[in-house]
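Each of the two complexes below includes chain A, the first together with chain B, the second together with chain C.
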Partner chain A sequence: MFDPKKLIRKGLPKGHFKDAAVRSLLAGVTYLVVIIAALLFGKIIVDGAPVLFKAEAPFVDFEFLTAKNETLHVFDDALGNRHQLPAAAYSAYLDKHPGEGIFNEQTFSYSGGGIAGPIVGTALLTIGSMILALFFGICAAIYLSEYAKQSPFIHAVRLAILNLAGIPSIVFGLFGFSVFVLAVPIITSTPADRSLLTFPLFFGNYFVSFQGWNSSLMAGCATLACMILPVIITASEESLRAVPQGFRDASLAMGATRWQTIRKCVLPFSLPGILTSSLLAITRVAGETAPIMFTAAVAAKDDLPWQGLKSPFDLLSSQVQALPYHIYTLAARIPSSEYTQRAQYGSVFVFLVLVAFLSAGSMILRSKLRAKLKW
Partner chain B sequence: MSQEEISLSPSHHRFQKRGFSCEKAIKYFFASNAGLTIVILVLITIFLLKEGLGFFPGYQRELEVYRIAGLEFVDISRKNLTAQEQLTSVLNRAYYAEINGQAAREMKRSKEASALFNAYSEQTGPTRDLVVNNSQAASDPKSEMLAILKTNFEKQKVKALASLPATPHLEKNERADLIESIRTRAVDSTEDPPLVAALAAELAAAQEKYAVPLQGMRATIDSFSSAGSELSSLVSEMTESVTATKEKIQGADILEKDRKTLLAAAASAKDLAEREKLTSEATASLAEKPDVEGPIQRLMERRADCVKAHQALQKTTGGILAQLPENLRQPDARRLLKVARATWPLFIADLEKTPAAIHAWKYDAPVPLTAAISSFLTGKDWVTGGEWQDFYGILPLAAGSLMIALVALIIAIPSGIGAAVYVNQFASPREQGIIKPVIEFIQAIPSVVLGFIGILVFGTLLRDISTWDSLQWIPGFPIEERLNIFTAGCLLALMSIPTIFSLSEDAINNVPSAYAEASEALGASRFQTTFRVVVPAAFSGVLAAVLLGLGRVIGETMVVLLVAGNRIKIPDFSSGLSTFFQPCHTLTGIIAQELGEVPLGSVHYRALFVVGILLFAIVLAINATAHHFVNKMKH
Partner chain C sequence: MHVTLNPTETIQQLGTSVSVRDLDFSYGSSPALKDISVEIPAKGVTAFIGPSGCGKSTLLRCINRMNDEIPGTRITRGKIEIGGIDIYDSSVDVVKLRRDVGMVFQKSNPFPRSIYENAAYGLRLRGERNKTVIDEAVEKSLQAAALWDEVKDRLQESALGLSGGQQQRLCIARTIAVQPQVVLMDEPCSALDPIATVKVEELIWDLKHEYTFVIVTHNMQQAARVSDKTAFFYMGELIEFGDTSKIFSNPRVKQTEDYITGRFG
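Up next is the complex of A and B:
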């Protein structure tokens, strides 16, 4: 009557094909995303790498990285040879060959020369904003993880961090524009009409005027720092909390004050983690365009940031070119043609390589850190 | 631990320093840094509101001027005129779609032949011009140069002939003939190659042939199109007079504002003489009250004419629909005709209502503040910098943002969640080691780079693919604009996949392993465990991931600014699924595009801040909901 053999099912289990189909569908979707991403980078690398690399030593075209950005002039000389010259070389050519005809001249803005200005500008913006954000962010994280108790204040801070993290970058652009460009105080001898509030200082003929810093490096750094602050705070707090409680208890038990404990027993162990996660924050700061569009970036600038300065303060109060904004300009404002491709794909390639290095560095450091720090 | 310490030590321990100490200073320093986040959030809110709230009174005044000057009155007629023009254009499009659809083969052949010839001319054009120009001034010293130029030209020619576009609809020998005729063509010839000309003639003949049965339709369309001419001349006449009135009122407004500034300066001036001077200046600049009554009365006298013109238009319009052909052969033409038929009753109803509206219109009816607010929130036009009247209606922008978000989420939700389930439940550690870093790297790509890829690579690719004959069954193909809702949606999907992926993966990972173990112990298969136990348990976390992805898509700026096409118009939903291939503009894009160009403090400038406030509120609401779900999962 009862045959135990009947209970053992032969062949493939029921629903095997359905399961396999679902599984391969999921795998297909996943790998589709991976492949599309790979194709896009492949396209950028194939088109962009020839701009930066060349066949003979030293294999890297440093001129593209170190030359200023200029307008590109494309023209035929009388013999039908095609020339592509950036603005400075173009005027030199005209001086050298006076009287000779130039035919079919075309000009392409922002497409000649290299991208030294945007690279330096982005570096300055990133450094400035990261200094600000790291300082304030780590201090805030220390408070949250070392001092804070349950209180309405802490609750409000956490809510603020959560909300700040979600605000769209263009709203940060509006905020930076209305606050740092138009409203923050500045010491000047000639207050502007639109100043919100002006009062004289006691010495000299100076006023404190709430008229903003104009579109400048300072304003851009401050805006970016505000944007990245919640990311830094969250990452730093996580690293601080990863330090075992025993370290603090031991230090306090030895009679150290709280500040001594933080300085000697908590910060040194969490600093690597904080810096690693801030590498990812750097990629975000360097890549953002919307917040700096109205607060710091300029499409064309003849001098590199440190040229033509009267005082170091001028560096902070002048506009800069920035790589993401430069890419935006190249993509949106000039038509694509065979002469602009070098500038377009070259800039994007350099930028992507930069971002790839930073994020790969962050990933590798993080995995090393995880392997090393096991308390 | 800090809690314990507090509870152990009484509030005034004898070893504890009283009052201010260094330790306390350090603590307050750190606390103030934590408070900075609150300060920033408050500052953002205050400054957005400060710049934004001035918008509504300013817009109210603009609408008031719009009414007082009589622009609104003219717009009543103008609206009908535009509707009539649009209907004419739809009918015209249907007419040409019918003809060209029947002559599709000739059309394609002619297009391909001229495309091939144009590609050749574009490449060799500049050199050819050089040769022609120099040979006209055929002086001797140049003959050597001319020879060089000619060899250059020949070289270019060979190069150009080697890289000609494909011509799938031309016969092989036709193509060969065409290329041969181009090769043997005289340098200074300005005529088209014979095949190009012949195909063009063929096309024209075909069009003429197919137009014969449609003569009735043509005549109907023409009579409808000319029916609006009376109204059109009336509107343009009135436009001139009301624009002049509006300018006067605006000039007076500016003077009045100046006067107030001067009076304010006078009130705060310390010096008596200074004060007198400023006050007298202020009185001198007192604007004459612009004469509004006169022009408005003259406008009112035109009411009868307006009504008459409308009635004439209505009379013609009523009969048109019956005269149109019952049905057309080509699917495109049929669709357009259907659209025209569907909108016809609405148009006639509008025309019927118009005389009453013209008589009911009052130039001195007040414009309340709520009118400005509702005109902003429900306005269908965002028109700025025009000579006629600026409108700030949010609907076209919100519609664009929503459509793009819809496309992005339709693509990103299945692929993001699917990838998360696969990586977490089925993938081997080695696969995880490949997939996770790649997706993490996608997250690190700056949005402007994605926009660049969209504008230079993906958009062009999509347009090329959409011209394939085998894909013509997809609605909207071939696409007209390479930058459209779909392109932007695809790129934003790529951007939000990492967010959705990593957060859903976390959520699935956080499901207690006891759930899965219990399920397997009960004899469930791996798939049953995954899809009936683990994923449902992680549901609220996955939902939060989707919402955060949505927040990211709505708030994204650079991709949509570069790729969405930036046409400020509510997408035309009547065209079905091909709506997704229309260009649009977005809430974020409009701020980025226009903030750099507007004068500080103008109504337009403030309007952009109101858009910012709206965006801020939307994204905060989405994020709050998402965090609600995250917390639900934790408990």
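Up next is the complex of A and C:
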């Protein structure tokens, strides 16, 4: 017999307490993660923001962004005033006040001046490696998704590429060191003693020497490119597959060759997707320390990368400073004190802001393009 | 070496555009078409009818070698000739073949570009750069597809803004803009409403004196309305082929009669 009164719930439903406990546990874990992240970022922002921002116009301390990195000298003058001067200003001070006593002098490496060198170096590494990775990655993705027959071999290749994405970045660093720094061929008139293989060219007095590119911008770019290639290939392949098969059929049935079809009907519609996924890869390239430690980065460099170059090629074969490596150096190589915090927190803060901008940019771009490309 | 498909003369002599001879075709190891022989006349409309999975679309896709794109498919016996040339011969350039044998798909698939660019696509593929030539061809093909009056003021707008029926007519315009010998249509109206279907049928009716149409359809009334010849397929075999009026009024084979009277399929 149907009794409508039985439908009306009396008291708490069955399993209420268990349900509430599970719910509060899951919520607790979630908010714990959020709180920890917020505390971490809050600390960096609280300590780092004052370095970058000022109370008076133009509110941003451009000097920190544009000045070269120098050693910080901390000392008292004869009157007992404390001075904190980067190396250049310190020499100027000594020249200006000859014979005056300097007391309690301390020096802190890398802590004075600004971080122009690391910012520029990271930018160069990022641009170079993205150009390399996009070129190789898109080529491979086009082959895998448009040309290759779906055979077990291609399946294995795809799986291998996916697995490559899981390799720790330090392994890529060592790989880059042993291949790009020590082994890849160059053309030179004076082969190094440690060259693995040398043979002469037919013109001039040049040799092909398998001696590597040394620790240089191009070795770093190549290593970083290797590291993100799997990401780029996978993302590009997905974007290519997202283009409806109907476009390809229609184009082929119109008498287009396969390449014409790809160039006119597949690539233009998948390029936005490829580029937005690549923007996410940019944040990874910009942030990695391990791959560039042995291949490109240098802790201290007096000149900006393009200063004192004889040829454009020198830019590629010179070492650069890099923001993540700079942060590592500041954190691990020098003793922490009140005088080094400005550089430490400032660098981390600038780095966070850069990455946040790149991520936000890629998300906005992606949502805009998604809305635009509908079929 | 590429053999040019220039069958206009041959068609007038033989009265045949596409001739399928003893064709066996298989997907992997499972046969899809068995011993098909059809002589499709030049100019006019030939309809392929039959229940789902009977091989009519497969045969259609064989005619412009679109099946080449599907891995594991092959012709195991027989041949298809267009204007006396075996299109599966190794000397035939499949790209040039498809320029002469256009295809309209079941699902309308205009490119997400402007209406103008869609209609001009084939000409651009052929390397045509003269704007006046392209303009003329675009206008002519859109007029032929009965679309010109509806879109002439918004040629530069995206083709995706058109209705389903307009999109399908744009696909037809895109195909005939390059004046192919044969136009293959794979259930062109199956996703359209009745009014849009009538428009497409009228357009086929108007154009059949200039092109050879081969149309696959599930809709028997449509086959009866638009086609001159009808081929009935069942289980990968050609059961009956003949004049549409004869097939629909007085079929020779019992299976055909059963199918068109709706007793199965």
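In the analysis below, the second predicted complex is superposed on the first by the 359 of 375 C-alpha atoms of A that agree within 3 Å, B and C clash if a C-alpha of one lies under 4 Å from a C-alpha of the other, contacts with A are read in each partner's own complex, and residues count from 1 in each chain.
What we mean here is this: contacts are C-beta pairs under 8 Å (C-beta built on N, C-alpha and C of every residue); 3 or more make two chains touch, one makes a residue touch a chain.
Just so we're clear, the structure is a prediction, and the values are computed from it rather than from any experiment.
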Is A:R333 touching anything from chain B or chain C once the two structures are fitted on A? First, second, both or neither. neither
Touched partner set for A:H97, first chain B, second chain C, both or neither: neither
Applying the document's definition of touch, where does A:F269 land relative to chain B and chain C: first, second, both, or neither? second
Which of the two partners, first being chain B and second being chain C, lies in contact with A:A183: first, second, both, or neither? first
For the three-chain arrangement built by superposition, which of chain B and chain C touches the greater number of chain A residues? B
Pick one for A:T257: touches chain B only (first), chain C only (second), both, or neither. both
Should A:K54 be classified as contacting the first partner (chain B), the second (chain C), both, or neither? neither
Going by the contact rule set out at the top, does A:G15 touch chain B (first), chain C (second), both, or neither? first
Applying the touch criterion given at the start, work out whether A:H155 contacts chain B, chain C, both or neither, answering first, second, both or neither. neither
Classify the contacts of A:R370 with the two partner chains as first (chain B alone), second (chain C alone), both, or neither. neither
Would you tell me the residues on chain A in contact with chain B in one complex that are also in contact with chain C in the other? 149, 248-249, 257
Please give the residue numbers of chain A that touch chain B in the complex, ascending. 13, 15, 18-19, 22-23, 25-27, 29-34, 36-38, 40, 43-44, 76, 78-80, 103-104, 136, 139-140, 142-144, 146-149, 153-154, 156-157, 160-164, 166-175, 177-179, 182-183, 194, 226, 229-230, 233, 245, 248-249, 257-259, 280, 283-284, 286-290, 293-294, 324-325, 327-328, 330-332, 336, 344, 348, 351-352, 355-356, 358-360, 363
In the complex formed with chain A, which residues of chain B make contact? 1-3, 6, 22-23, 26-27, 29-31, 33-38, 40-41, 43-44, 47-48, 50-51, 126-127, 129-130, 145, 148-149, 152-153, 414-415, 418-419, 421-423, 426-427, 434-435, 437-442, 444-449, 451-453, 455-457, 494, 497, 525-527, 548, 551, 554-558, 561-562, 588, 591-592, 595-596, 600, 608-609, 612, 615-616, 619-620, 622-623, 627
Of all residues in chain A, which touch chain C in the complex? 149-150, 244, 246-257, 260, 264-265, 269, 373-375
Flag every residue of chain C that touches chain A in the complex, lowest number first. 64, 66, 69, 71, 95-100, 102-103, 105, 107, 109-112, 121-122, 125-126, 160, 171, 174-175, 178
